[in-house]
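Got some structures for you, see below.
Each of the two complexes below includes subunit A, the first together with subunit B, the second together with subunit C.
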Partner chain A sequence: MLRLLSATCLAVCLCAATLVAAQQLQVPATITAGSGFAIPTTGSGTATFYLVGPSYATKREVNLGTEIQVSPREVRSAGRYIAILRHDGSSESGSFYVLAAKPASLSFLAHPSRVPVAQHDGIIGVAFVFDKWHNLVRQPQTVDFRLQAKDAAAVSQSVRSRDGVAWTLMNSGRKAGNMEFIATLGGVEEKRVIQQVASDPCHLQIKAERNPKGVLVETEPVRDCSGNPVSDGTVVTFTATDAQGRSTVDVPVKKDVAQAELKLAGPATISVASGVVMGNEVRVGGQP
Partner chain B sequence: MKLAVVLVLATVALVILGFIFPVHQATTPGIVSGEALPGVGGSTNTPEAAVRSLLGDVQAHDWSRAYSLLANTSDVPKEAFIHDVNGNYGSLRTFSSLEGSRTRVLNENGDQALVRADMHWSTAVGPIYDVRELKVVRDNGSWKVVWPLEKQPNVPPQVVPVNYLRWDVIYRGPQDDWGTQNVDSPQVRIVSMNAVQNGRNLVIVGEVVNEDTVPAFVDINAILTGKNGQNLDEESSFDKIQHTLLPKQVSPYRIDFPGYNLSQVKSVRMEAKAMLVPASADPVIAVLNQHEQTNVLGRKVLSGDLLNESGRTVNIAQVLATYYDSNGKVIWVSDGYVDRALLPQTPEPFSVDMPDSTVGQVQSYRVTVNHYIRQQS
Partner chain C sequence: MRRAIACPTGSQTRLILCAAVVALFLSVTCLAADAPQVQFDISHIGPRQMEDVTGRNIPRDWGRAWQTLAVAFEQNQPDLLGHYFVGFAQQKLAAAIAAQEKSGLRTRYIDHGHKLAAYFYSPDGGAIELHDTADLEIQVLDGNTVIHSERATLHYIGLMTPAADHWEVRLLESVPNF
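And then the complex of A and B:
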């Protein structure tokens, strides 16, 4: 008795599955974004066709027994779509995936926009691969990253994208100035400009000279350890200590040199610093 | 009932005794004689009353009457006196009003006396305390004040060439695509941080440096985390920092947590926020002759002179002093506003407090200056 009941249940399930299968619309499992296709129908009379996608929905009357044409513009957005055909109180449906088309554009993020010279892994580039309908192309693609400075050999790296994203880390060069950071995929190219700037000052040196107004103190040309002149506007702090106390002045570098006139009458010791970098110390005698 | 009657009778008796034997108040040197103000039109029959009357007139902005109470009008032009007490050149004093004062007779000798006036100014940036020792002389039976005018030298007409850098910024526009390059925020770094218990307040002090090659507008936030990991409080450096930092410039910062104790805190989370802003390297303000000294109130202060080396008047200047111990650690940051404008090429004195708790530990110090310049149309 129990066996008979089990067999009956199995038969009912199979029949139901067959019926459901019969109500499935025949749609392709996947199609490429922006490419149209046709859905065959059977029977006669009219029916209502629905197509619902990630960013698109449509409803129209169709004749049964003819193919339903899905136009390219209806399937531009990648993602899962559901097609439903409803007639005489019953409905057939089917789902399919729209995949991104071939790569057509790159969104290229380059960071930072300014980087000190000689910085290991100081530059990061991230490229997002999109098709012409702005769908993320998740199929692996080879993106070429190229760092090109003026008067220097370009540095390149090829990276396979994963889930639509390719990224790389690159070292900054040794010479200050603008360089181009380019991401290329097929015929698509995106260009960013990275400004390589001088690093912290190195071997900060000053000289001091007494004049009728006080002491004129001036740095040697301020450069980083790679020999690049530091950016104009970099603040240099002169500190003078004499019998009156301590005097300080923050002076911006102008044309590689910072200078200040300190009103000091007696002997004094003058030191220099820029940021967290200390320079030399000089002693000046009193007014003659 | 009997007790009540006794108390009433005793009170009446004491009142009658008070009328019969009045106590004449004497001006005892060194003893606070009382809060001054209002003193508009007050008497000038004692040195202290004369000073109080003068300060009352200053508070009421009755310059003519205040000026009439001066003994040295021949040395002090009226305009100069008004500028001295009411400010000029858009200085902080012009945004101030005398809130109150305390007077104290330091000594009185025949026709001369010395009165100390502790003035409490209410300003746009908080209270400012000014102490002046005023000489008072008797003139035709009434007392008059010898006003110690701090003369501001006139800057001779001249052309000061200024060719320092200025930074302007063009940001990404709203019509630009996502992914289009923008200018990055400046790189700033907190180079030191120290939590100090100062009385009932927990204070975070330290320094921040702009490591970038562009100017930065910097603000420092601190979040106190309690023993159980909960956030106790969050505060920012507010005006105890040099907000606009040029490349490689170092600024001290101080963040106050009133009412918190170091023992309550498990950790402090610091956050430096930096924005790219247009800025100018002008003006350069030198800080000259910095030295520790004891002021008239017996407090240790750090004093010196500010010298505006540019050709523009700096309307309001704020001094930030960083104190270091023998290991180079920041142990305190104090600040003070200068209530007079910094005229070009003219030294202006300043002094900022050194807290008693740090006086013995201070090995060195560094002074930086914030400035505000009124936009010229």
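And then the complex of A and C:
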């Protein structure tokens, strides 16, 4: 009796499984974006076919017993689609995934747009790989990042993308000026311009000259450690120490030099600094 | 004693204002349901480590984006997407809503939660790629008839970028696996 019951249960389960299986539309597990395919149907008469996807939905009448054609334009967006066939109040359905097609574009983020020269890992490049329908291409791809400055050898790195993204850190060059930051994948190229600017001042040198009004103090052309003239507006601080005490004056660099006129009557020592860089000291005598 | 919203009669301006208030109230009510639960894992993030505030805001905004998506697809209101979706994500989702509305369809998402993992956080903090495992009930309706219903665990890849005071979804794609 127990065996009979078990056998009956098994038969019912198999039957149910067969029925469930019969309610599944035969769709491929995955297809490539923009590739049409056909869904076979059985029976006769008409039914309503629905296709619901990440950027698309449609409803149309179809003849049972013939193949339902899904056109390439209906499956351009990557993601999960649900196909439903409705007939006599009941539904058969199936789901499938559309995967990205071959790479066709790069979304390239370059940071920053201005960078001081000689910065280690100062430039960041991030590239997202997309196909021509803006689907993320998850298959690993080799993205080439290249920094190209005028009159200098290009620096490049090849990076394998993972899950659609490739990134790199690169050093800035030694010469101020614009340079191109280029990401390339196959025939796809994206270009950004990065401005390299002088870094902090280096080797500050001053000279001082007494005149009837006081002391005129002036720097030599202010440059960074790579020899690039620093940007106008970079602040230089002159400090004078005399019998009256200590006084400071902050002056912006203008056309490569900073200068100031200090009201000093007696002998004094004048020093210069900018940021964390100290320059030389000069001594001036008193007024004759 | 219960008080209803009083709409003064005899003044068209007040009537219009009143209608606007009611419309706003209904609109807010639509989105008033709790955002889905989002568990957030940053143990495999790189190359940048995530700041505490960002670590709180990402799951919050991801949940709100899904909440918005669910309402937009059920009510065929693509305009709702604008606050949390931008770029390709917004374009594709809006196209889907427009297409389902044209066919007389709606999609209902009953959201049972997300396991969200940050995968890539760009060195400049400008983009985050996420892996989401979502537990969803999906119903497709033709008019008011449910023509398809399923509960599924689905995988999504997302890309979020920062806006003024929140994070926005720039890419949302369902994938077979991670």
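Everything below uses one rule, namely that the second predicted complex is superposed on the first by the 276 of 288 C-alpha atoms of A that agree within 3 Å, B and C clash if a C-alpha of one lies under 4 Å from a C-alpha of the other, contacts with A are read in each partner's own complex, and residues count from 1 in each chain.
Rule of thumb we're sticking to: contacts are C-beta pairs under 8 Å (C-beta built on N, C-alpha and C of every residue); 3 or more make two chains touch, one makes a residue touch a chain.
Bear in mind that the values here come from a model prediction, so they are computed numbers and not experimental data.
Q: Go through the superposed model and pick first if A:D250 touches only subunit B, second if only subunit C, both, or neither.
A: Once the two structures are laid over each other on A, A:D250 reaches subunit B alone.
Q: Once chain A of both complexes is superposed, is A:R80 in touch with subunit B (first), subunit C (second), both, or neither?
A: After superposing on A, A:R80 lies in contact with subunit C but is clear of subunit B.
Q: Going by the contact rule set out at the top, does A:F128 touch subunit B (first), subunit C (second), both, or neither?
A: After superposition on chain A, A:F128 lies in contact with both partners, subunit B and subunit C.
Q: Given the touch rule stated above, what does A:A208 touch, subunit B (first), subunit C (second), both, or neither?
A: A:A208 sits against neither subunit B nor subunit C.
Q: Does subunit B (first) or subunit C (second) touch A:A183, or do both, or does neither?
A: A:A183: touches no partner chain.
Q: Which holds for A:L109: it touches subunit B only (first), subunit C only (second), both, or neither?
A: both
Q: For A:A47, select first, second, both or neither according to whether it touches subunit B, subunit C, the two together, or no partner.
A: After superposing on A, A:A47 lies clear of both subunit B and subunit C.
Q: Does any part of subunit A touch subunit B in one structure and subunit C in the other, and if so which residues?
A: Overlap of subunit B and subunit C footprints on subunit A: residues 109, 111-112, 128.
Q: List the residues on subunit B that touch subunit A in their complex, please.
A: 163-165, 167, 177-179, 181-184, 187, 191, 209-215, 246-250, 281, 284-291, 304, 307, 309, 365-368
Q: Looking at the complex, which residues from subunit A come into contact with subunit B?
A: 107-114, 128, 192-193, 197-198, 200-201, 230-237, 244-252, 254, 260, 262-263, 274-277
Q: Subunit A touches which residues of subunit C in the complex?
A: For subunit C paired with subunit A, touching residues are 47, 88, 91-93, 95-96, 99-100, 102-105, 107, 119-120, 122-124, 126-127, 129, 138, 140, 142, 147-148, 150, 154, 157, 159, 171, 173-176.
Q: If we count contacts the way the header does, which residues on subunit A are in touch with subunit C in the complex?
A: 29-30, 48, 50, 52-59, 77-80, 82, 84, 86, 91, 93, 97, 99, 109, 111-112, 124, 126, 128, 134-136, 138, 162-165, 167, 169
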